[in-house]
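Some structures are shown below for you to check.
Look at the two complexes coming up: chain A is in both, with chain B in one and chain C in the other.
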Partner chain A sequence: MKKTVPLWVVLGVVVAAFLFTRLGGNRYIYFAGYFVLQYIVLATAWNVLGGYTGYVNFGTAAFFATGAYTALVLILAFKATLPVQIVAGALTAGLLGLGIGYLTLRLRGVFFSIATLALSVVLQTVVSNWEYVGGGKGLSIIRPKAPALFASHAEYLFVVMVLLAAASVALAWWVQNSRVGRGLAAIRDNEEAAECMGVPTLRLKLFATTLSGCLMGVAGTPFPYYVTLVEPGSVFSLDYAVNSLAMPMIGGTTTWVGPVIGAVLLGTAQQVATVTISSELNLLIVGIVLVAFVMLAPQGIVGLVQRLFHRRSR
Partner chain B sequence: MFSLDLLLNAIVAGILIGGFYAAVSLGISVSFGLLDIVNIAHPAFVILGSYTAYAMNRFFGFDPLLTGLLFTPVFYALGVVVYRLYYLGFERKGEESLRGLVFFFGVLFIVEVALLLAYGVDYRMIEARYVGQSFHIGVVGIAFRLLLPCLVGLMVTVALHLFLSKTFYGRAIKAVSQDSQALRLMGVDPVKIKRIAFALSIATASLAGALLILIGPVEPSIGREYIGRVFAIVVLGGMGSISGTLAASVILGVVESLTATFSGPSWAPAVSFGILLVVLAVRPAGLFGR
Partner chain C sequence: MAWHGQTGTRRRWIVGVLIGVMALGTAWAPAAQAAEPIKIGFGMALTGALAGNGKAALMAMQMWAEDVNKKGGLLGRPVELVYYDDQTKPAAVPGIYTKLLDVDKVNFIVSGYGTNVIAPLFPIAMERNLVLMGLFGMANNEKLKYKNYFQIMPSGPNPALGWSQGFFEVAAKQQPKPQTIALVGADAEYPHNALVGAREHAKNFGFKVVYDGKYPPSTVDYTPIIRAIKATNPDLVYVASYPPDTAGIIQAAQEVGLPVKMFGGGMVGLQFAALQTKLGSKLNGVVNYEFYVPEPTVNFPGINEFLARYQAQAEKAGVDPLGHYIPPFSYAYVQILGQAVEATKSLDQKKVAEYIQANEFNTIVGKVKFAPNGEWAKSRVLMVQFQNVQGSDVAQFKKAGTRVVLYPEDWKSGTLIYPYSKAQK
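So, the complex of A and B:
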C-alpha cells in the first residue's frame, strides 16, 4: 500500500494547483511560481546523483539546455505539443547523461565533474553555431493557444510544472527508499567497500546519471514557451549550475526533502531579490551562502534541524 | 580554401598560444596534479589578474606585464587565505572530494559575479605600445601580442620547473604529492608545504591574467571557457608533470588554432572538450603520465 501513496500525493497536488489557477489572481504569481517549481525539479534531479552518490555534476545547464532545445526543434519541425516535447526532452537528456557517465564514471569522481563543466561550454558552442535554432542570436517563438480549461498559457505552464515537480520529488522519494537508493548510499559512503560487497556500482551510477540527466532535461522542455525567446546565453546560464547545486547543499543532500526546502527558500528569495535589488547582487548572495553552508553546515538545513531534535530528545 | 600559407600561420599561432596556455595551466598542474586540490576556481583568479592589469593600466598607466609581476605577492597572499579556508573547512576533516569541489565552484562564482558587479559585462582591453605590432618571417606573420605571452609563459614554465627540481621547497612539494606521511617523518610540515605550493599556483594566475588581457579583450565569464581547456591540458600532460603540461599546451594550442582557421573560430572551444573526453576514455594517465 505504501508504494501507491506518492502517486496519490502527486495527483492531489496537481488537482489542487489546477483548482488554484481557476481562482484567477495575479499572473505574476504563476510566473514566479514556475521559476521556483523549475528549480525544485532541477535541485531534485541534481540530488539524485550528487546527494545520493556523491558525484558532483556542474553541467546542469547542459542537460537543461538539451531539454529546452529538443523542445524548440520539435516546435519548429512538427509544432509538437508540450507532452510530446517533455517525453522527447527527457529521452535526449537521459541519453546524454548515460553517454557522459559511461565515458567518465569509471574514473575518479573529479573527472566526471570536470567533464560536465566542460560539457556546457561545448554544447553552447554547438548550439551557437546551429542556425536552425537561431544560433547565437536566439530565436523567438509564438505560443499556441492555451489548451481548453486554462485561462492562459501562464496557468497551463504553471500546472504542468507542478506536475513535473511533484513527479520528480516522488521519483526521488522512491529511489531513496528502494534497493537502488541503498546501493547509491553505499557508493557515497565507500565505493570500494560497496564494490567488494557485490553492489553493481557502475550500473547504479549510470542509472543515477541517466535519471538525473533525464529530469534536468524535463525541467528545460517547457522553457521555450515560458520565455518565448530562446537564446544560448540565457539557456546555458551558469545560474542553473550554481542554483541546482546550491539548493540541495543548503537544504540537505541525503534526503528527498533537502532539495525541495533549498529550492523553495533560495528560489523565492531570488524572485524577491530580483524584483527589489539587482539580479547580479542576488547571485553574489547565493554564492556566498553556498560557500558558507558547505563550510559550516555540511548537512544543510535538514541536518541542522535533525541535530536540534537530537539534542532535545537527549 | 586550403593553402600552405594559412596552414603555416595557423601552426605558428597555435604554438605561440600554446606557450600562453602553459602559463594558465601551470597553476592547476601544481594544485590539481601535485596537491590533489581540484581548484576549478583557478581560471577565475586568472581573470582577476586580467582585471588587475586592466585597472592598473587604466588608472596609473602601468604596463600589464609589470602589473602581473608586481601583483604576484598579492595573489600569493590570496592563495594562502583560500588554502587556509579550504584546509580548515575540508582537508582537515578528510571530506575534500565532494564539498571541496563545491567550495571552489562557489569561489569561482563569487569572483565572477563580483567582477561583473564592478566592471559590467563589457569586454575590456588594454593599450600598450607593442600590442598592435608584428613582424614577418617569410609568409608567417608573428604578432607581438601572441609572441610576448608565449615567451613569458615559457619563462614561467622553466622557472617553476627549476624551482620544483632544484630547491628544497620545490622538492618538498613533489614529496608531499607522493607521501605526505614520510615527509612528516623527515620533520617537514606537509600542511605548510601544501600552503606554499597552493599559494604559488595562485600567484601564477596574476601573470597569466596579465598575459590573457594582452592577447585579447576580457570579460568576467570568459574564465569558464578556460576550465575545460586547462583541465584538458593538465590531464593530457599527465597530472603534475611540468614538461608534460607545456607539451600538452602546445598540442592543444595548435589543434585549436587549426580548427579556428579551417572551421571558424566559434568552434574552437569545443576542441578542448573533445580532447579531454578522448583522453579520459582512452588514456586517463595522460600522454606523459607514469
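So, the complex of A and C:
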C-alpha cells in the first residue's frame, strides 16, 4: 500500500473544485459545501489525537479560534491575504498544540479532556478582554475584492476549504500508514507497553497534539472572511467541539476515512436541517446519532462495514 | 369500422381536451403570474440566546403579512415570508441568506434580530446591491456606509450617543445637580457601545466618572460589583446590561442598598414582562430606556390595535405577553418595505432603496425617517422611570402609569421622582 497520497490527487481535487465553481450555478452550494468541508478538516484533525492516539480533546474551539483570531490580527495589522493568514494560523495553532501537549500530556483520560476544555475557557476569556480584536463585542471586517479568478468570495472560500480538506485528509492518510501512525496506535492501545517497547511516546504525542492543533487552526483561518464578524461567542461555539468529536465517532476513529464519512453525513444532515425543519434539531440530530452509534456500532460506520465484510468472507 | 369510429371519437376527444387545457392555460397564465407571491426572506433567532425576542419578532412580521394579504397584497400579489432559524449564530447567516436568494428566489431580504446576525449580512447585500432592512442592529453601518441599509431601532444617527442621551439630559436638570457618575456594563457587544456613548455624555455634561468597570457576561453574583460602586459614592449609576445581569444588578442594589440619586440607563430586559413581573416593586425608581410604553403621550396610529392582537396570541405562542419592545418595530420594518414597494410600484432594489432613503413613513411606531447612514434621522429613545409598581401582576404594565416618560420632551408623560431612594418608598 502506498504510504503517501500523491500531490496530484490533492491538486486534482482542488482543480476539480475550481472548475466546478466556473460552471456557475447557485452560490448556496458553496456555502453549504464550505460548512461540510470545514468539518472534514476539524474532524480529521480531532481524529489524529482522539482517534489514532486515544487522547480525547474537548478544546477544538480553542484551536479553531486561534486560527480565526490569528487571521483577524493579520487582517487588522497588515491587511494580509488569505494564504498568509492560513500559514500563520497553522503555525500559531500548531505551536499552541505543542505547548498544550507539553503541559498536559502527563494527564490521561478524563483529566486530559478537562484540561483541553479549560483551554477553551481560558482563551475565550483572554480574547474577550483584548480590545484590539474587539473584545467581548467582537469585530466586523470588510472583505477585500475576491481574487481575479473567482466571481465572489463564496467560490473563493469554497475552493480554499476544498484545498484545506484535501490536504488534511492526505496528512491523516500519511500519519495512519506511517511508522508515526503505528506508534500512535500503540500508545492508544497501551501506553505503558508502547513505552517499554521503545516507542518514543512523548515525542509522538507532541507530534499528534501539534498536527491536530495546526489543522484545527487552519480550519478557523477563513472564518473572518466567511462570516465577516469575529466575536468570541461564535468562534468558541460548543458546536465545534461537539461536532468534531461526534463526526469521527460516527464515521470510525481508526482510519482516515472515518472522520470524512462522519463529517459528510452529519454536516450535510445539519445543513439540510437548517433550511428545512427547524434547526434547533441540529445538535439533537448529532446527539441521537452519536448515542445510537456508541450503542450499536462503537467502531463507527467504517467498523460496521469491516465487520459485515469480515462475516461474509467467513 | 367500429374500431375506427371509436378511434376517431377518442382522437377528437383527446384533441378537444388538449385545446380546452391550452385555452384554459392561456386564460389562467396572467392570473397565475399575478398571483405569484412577493417573497421576503430572512433568518430569525428561533432558537439560541435571543430566541425569545426572535419568536416575538416573527409573530409580528406574520401579522403584517396577514394584514397586507387581507388588503390584496403588494402590487396585487400576495406576500410570503420565507424564513429559517439562524439559531442566533452569525456563522449560520451567510448560508441561510444565500439559500434565500439563490434557491428560494426571494424578492427582498430583511435581517434577523440583533447586531451580530446583521453584520454577516452586509457582504451579501452589498455584493448584489440589495435593500437591507435591519432589526435592532447597533451601529452596523458605521464603517461600511452602505446606502441601501435601513435600521428600525430608534436610536438615532449616532446610536451610541442616542441610546443614553435621555439619561444624562434628565440627570443634568435635577437640583442639586449630580456631580459624579459610575459606569458599569457587561463585557459584550451592546454594553460596550452603550458605555462608549455614556462616557462621552458624562464628559459633555460635566459629570466626574468615579467608577468605570466591566464584568464578564457569565457573572452570577453582582453584590461585589455593587459594593465596589457604592464605595465610590456616586450620584448617578449608569448600567448597560443584558437581561440576566439586569436582574442580578437590581437585586444586588436592593440587597446592598445603593444611596444614589439616579440608577439605571441602559438595562436590557426591563422592557419585557418576564423581568418586570420578576422584579416587581424593586423596579420603582429605576430610570431606564424604552422604545415604546403605553403612556397617553406615546400613542401612534395602529399601535393599540396591533398590541391587542399581539397580546391575544402571545401567551399561546409562548412569547413576551406585553410585546412593547421588539414586536411593534419588527412589524414596522416590513411595513416600511411594503409601503416603499407600493409607492414605487416596483420590486427594483435601487428604486425601493432610494424611496426609503428620501421619504418619511407612517408606521405603527410613529413617523420614521432615515438618516444617510440608515439609522433613524432623529433619536427617539424614551427615558422612563418605573413608578407605582406593586407586586408582580403583569396587567399593571399594560396600562399607563408604571413607566412614565421623562424624555424626550415631546413624549413626556410624568416627572422624575428624585432621588432614587424616594421613589422606592
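One rule holds for everything that comes next: the second predicted complex is superposed on the first by the 307 of 314 C-alpha atoms of A that agree within 3 Å, B and C clash if a C-alpha of one lies under 4 Å from a C-alpha of the other, contacts with A are read in each partner's own complex, and residues count from 1 in each chain.
Everything below uses one rule, namely that a residue touches a chain if its C-beta (ideal position, glycine included) is under 8 Å from a C-beta of that chain, and two chains touch if they have at least 3 such contacts.
As the structure is a prediction and not an experimental result, all values here were calculated from the model.
Colleague: Taking the superposition as given, does A:I301 touch the first partner, chain B, the second, chain C, both, or neither?
Modeller: neither
Colleague: For A:N129 in the superposed arrangement: first (chain B), second (chain C), both or neither?
Modeller: both
Colleague: Where does A:A154 make contact in the superposed view: on chain B (first), on chain C (second), on both, or on neither?
Modeller: second
Colleague: In the superposed arrangement, does A:V275 touch chain B (first), chain C (second), both or neither?
Modeller: second
Colleague: On the A-aligned overlay, A:L265 touches which partner chain: chain B = first, chain C = second, or both, or neither?
Modeller: Neither partner.
Colleague: Have a look at where A:V56 lands relative to chain B and chain C in the superposition and call it first, second, both or neither.
Modeller: A:V56 contacts chain B only, not chain C.
Colleague: Given the touch rule stated above, what does A:L107 touch, chain B (first), chain C (second), both, or neither?
Modeller: A:L107: touches chain B, not chain C.
Colleague: Check the residue A:L202 against both partner chains and state whether it touches chain B (first), chain C (second), both, or neither.
Modeller: Neither partner.
Colleague: Where on chain A do the contacts with chain B and the contacts with chain C coincide?
Modeller: 125, 128-129, 136, 280
Colleague: Okay, in this complex, where on chain A does chain C touch?
Modeller: Within the complex, chain A touches chain C at residues 26-28, 30-32, 35, 125, 128-129, 135-138, 140, 142-143, 152-154, 223, 226-229, 231, 233-234, 237, 239, 271, 274-275, 278-280, 282.
Colleague: Looking at the complex, which residues from chain C come into contact with chain A?
Modeller: 46-47, 84-85, 87, 89-96, 98-99, 101-103, 116, 119-120, 122-123, 127, 140, 143-144, 186-190, 192-193, 214, 216-217
Colleague: Which part of chain A faces chain B closely enough to touch in the complex?
Modeller: 50, 54, 56, 58, 103-104, 107, 109-111, 113-115, 117-122, 125-126, 128-129, 136, 238, 241-242, 245-246, 249, 280-281, 283-284, 286-288, 290-291, 294-295, 298
Colleague: Using the touch rule from the top, collect the residues of chain B that touch chain A in their complex.
Modeller: 38, 40, 85, 88-90, 95, 97-99, 101-103, 105-107, 109-110, 112-114, 116-117, 221, 224-225, 227-228, 231-232, 235, 264, 266-267, 269-270, 272-274, 276-277, 280-281, 284
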